[in-house]
Amino acid sequence: MVTLLYFAAAREKAGISSERLELPAGATVGALLEVVRARHPALAEVLPRCRIAVDQAFTGADATVPDGAEVALIPPVAGG
Amino acid sequence: MVTLLYFAAAREKAGISSERLELPAGATVGALLEVVRARHPALAEVLPRCRIAVDQAFTGADATVPDGAEVALIPPVAGG
Amino acid sequence: MTTTRRARLLEAPLSVDACVEAVKHAGAGGICVFIGCVRDHTLKDTSAGPQSTVAVVKLDYEAYAEMAEKVIDGIVHDAEARWPGVRGFVQHRSGTLTIGDLAVVIACSAPHRAEAFAACRHVIERLKEDAPIWKREHGEDGVTWVGLGP
Amino acid sequence: MTTTRRARLLEAPLSVDACVEAVKHAGAGGICVFIGCVRDHTLKDTSAGPQSTVAVVKLDYEAYAEMAEKVIDGIVHDAEARWPGVRGFVQHRSGTLTIGDLAVVIACSAPHRAEAFAACRHVIERLKEDAPIWKREHGEDGVTWVGLGP
């Protein structure tokens, strides 16, 4: 199980701020994103512009998602 | 008559913070400095390192000192 | 400072004084502070034609708070390592802000001013790139997530 | 701001908040503040050999107050002209200061941060060159006028 977090525009498009998903062992960030894309067609436009954080650190698409991880979709940021 | 102001190291060396001097009409800043040098031998070392302000604006040695002017010796500054 | 944490996300108004106090110490000759405020206008990205100015009424700041504090803390520690003698502290706001409210306060002290300025500038630039914080502008032309474009 | 005067020489403790308030307005997205503090050591100029560090106990700031306000006011107005949209304000202390006391506070606001940083840095550099203000350090090796050398 992993916990997915949606923020800002991603949260609005997905219509939820978090959900829990079962992933095959050894699944990559890229594979997780395919699952997300299939579950939330409304995210299609925002998803390619998101960075991904696994356990609060930015991560590439090839990284493996550990079981129990907290994975966040990070749309373009605008702090400061 | 002009008013001369001494600050910081110049004030300490001259032993006074201000004095009034009679100058010939048309006297330059350079001529005034010669008078000051003669009156205050203790200023010999500091004087070449001072800038001069006439009526609160930095001025070159060739400028004429107007009657009634306020002339200040400005040793190396250290504000901020 | 008795803590090594260099960043706070706050729902309440920020304090410039608190940030300055967090970095002040006997060896600090200069402190550079950057304050980001909500201003009354923004540049609108338009797909065609020149940028135009749009009035802003208020902003909602949303943050992935725990990660944002971690990211900003890392940025400040990085600045402290790049410019030896620097000490930094950041407060960032979340929630709804109106014109003039402080969105971020960054304070960096150093023995000399050049390092204080450089570190402060570095922190705001990196924060804007990487801190997981978003803003939604309520402007005269509707509500938009800043940075997502039209 | 109801006055156009951009500089104050004060015998009393400086206020960062007052300087920030003086430059804050609805169009100001960024404010850069520089605070100069009395630190516990100074670099000693030595005619031979490398610079060494000397402990400082307190400082006396002496100012040609009227001219100093005029000079700093001119520097701030110059910065406002160089970087359009900038608004600046400066407080400078005079009298006797001890470690940690604020000697100068410079605040510059601008629509965007680059101009706020640039203007603030410009003001402190020019102030240090031209403002008729002197300091006498009471250090472990006696009393010296800073800038006059050994």
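Each chain gets a letter, A, B, C and D, in the order it is written, and its residues are counted from 1.
We adopt the following convention: a residue touches a chain if its C-beta (ideal position, glycine included) is under 8 Å from a C-beta of that chain, and two chains touch if they have at least 3 such contacts.
Because the structure is a prediction, the values reported are computed rather than measured.
**Q** Hey, how far apart are subunit B and subunit D in touch steps, shortest way?
**A** The fewest touching-chain steps linking subunit B to subunit D number 1.
**Q** Mind checking the centre-to-centre distance between subunit B and subunit C? Centres are C-alpha means, answer in whole Å.
**A** 49
**Q** Rounded to a whole Å, what is the gap between the Cα centroids of subunit A and subunit C?
**A** Measuring from centre to centre gives 25 Å for this pair.
**Q** In whole angstrom, what separates the CA-based centres of subunit A and subunit B?
**A** It comes to 73 Å between the two C-alpha centres.
**Q** Among the residues of subunit D, which ones contact at least 2 other chains?
**A** 36, 124, in rising order.
**Q** Can you pull out the residues of subunit B that are in contact with at least two other chains?
**A** none
**Q** Using the contact rule from the top, write out all pairs of chains that touch.
**A** By the stated definition, chains touch in these pairs: A-C, B-D, C-D.
**Q** Taking the touch rule as given, give the residues of subunit C at its contact with subunit D in the complex, in rising order.
**A** Subunit C reaches subunit D through residues 16-17, 20, 24, 26-41, 99-100, 109, 111, 113, 116-117, 120-121, 124.
**Q** What does subunit D use to touch subunit B in their complex?
**A** 36, 61-64, 66-68, 70-71, 92, 103-104, 124, 127-136, 145-148
**Q** If we count contacts the way the header does, which residues on subunit A are in touch with subunit C in the complex?
**A** So the residues of subunit A touching subunit C come out as 5, 7-9, 11, 46, 49, 53, 56, 58, 72, 74-80.
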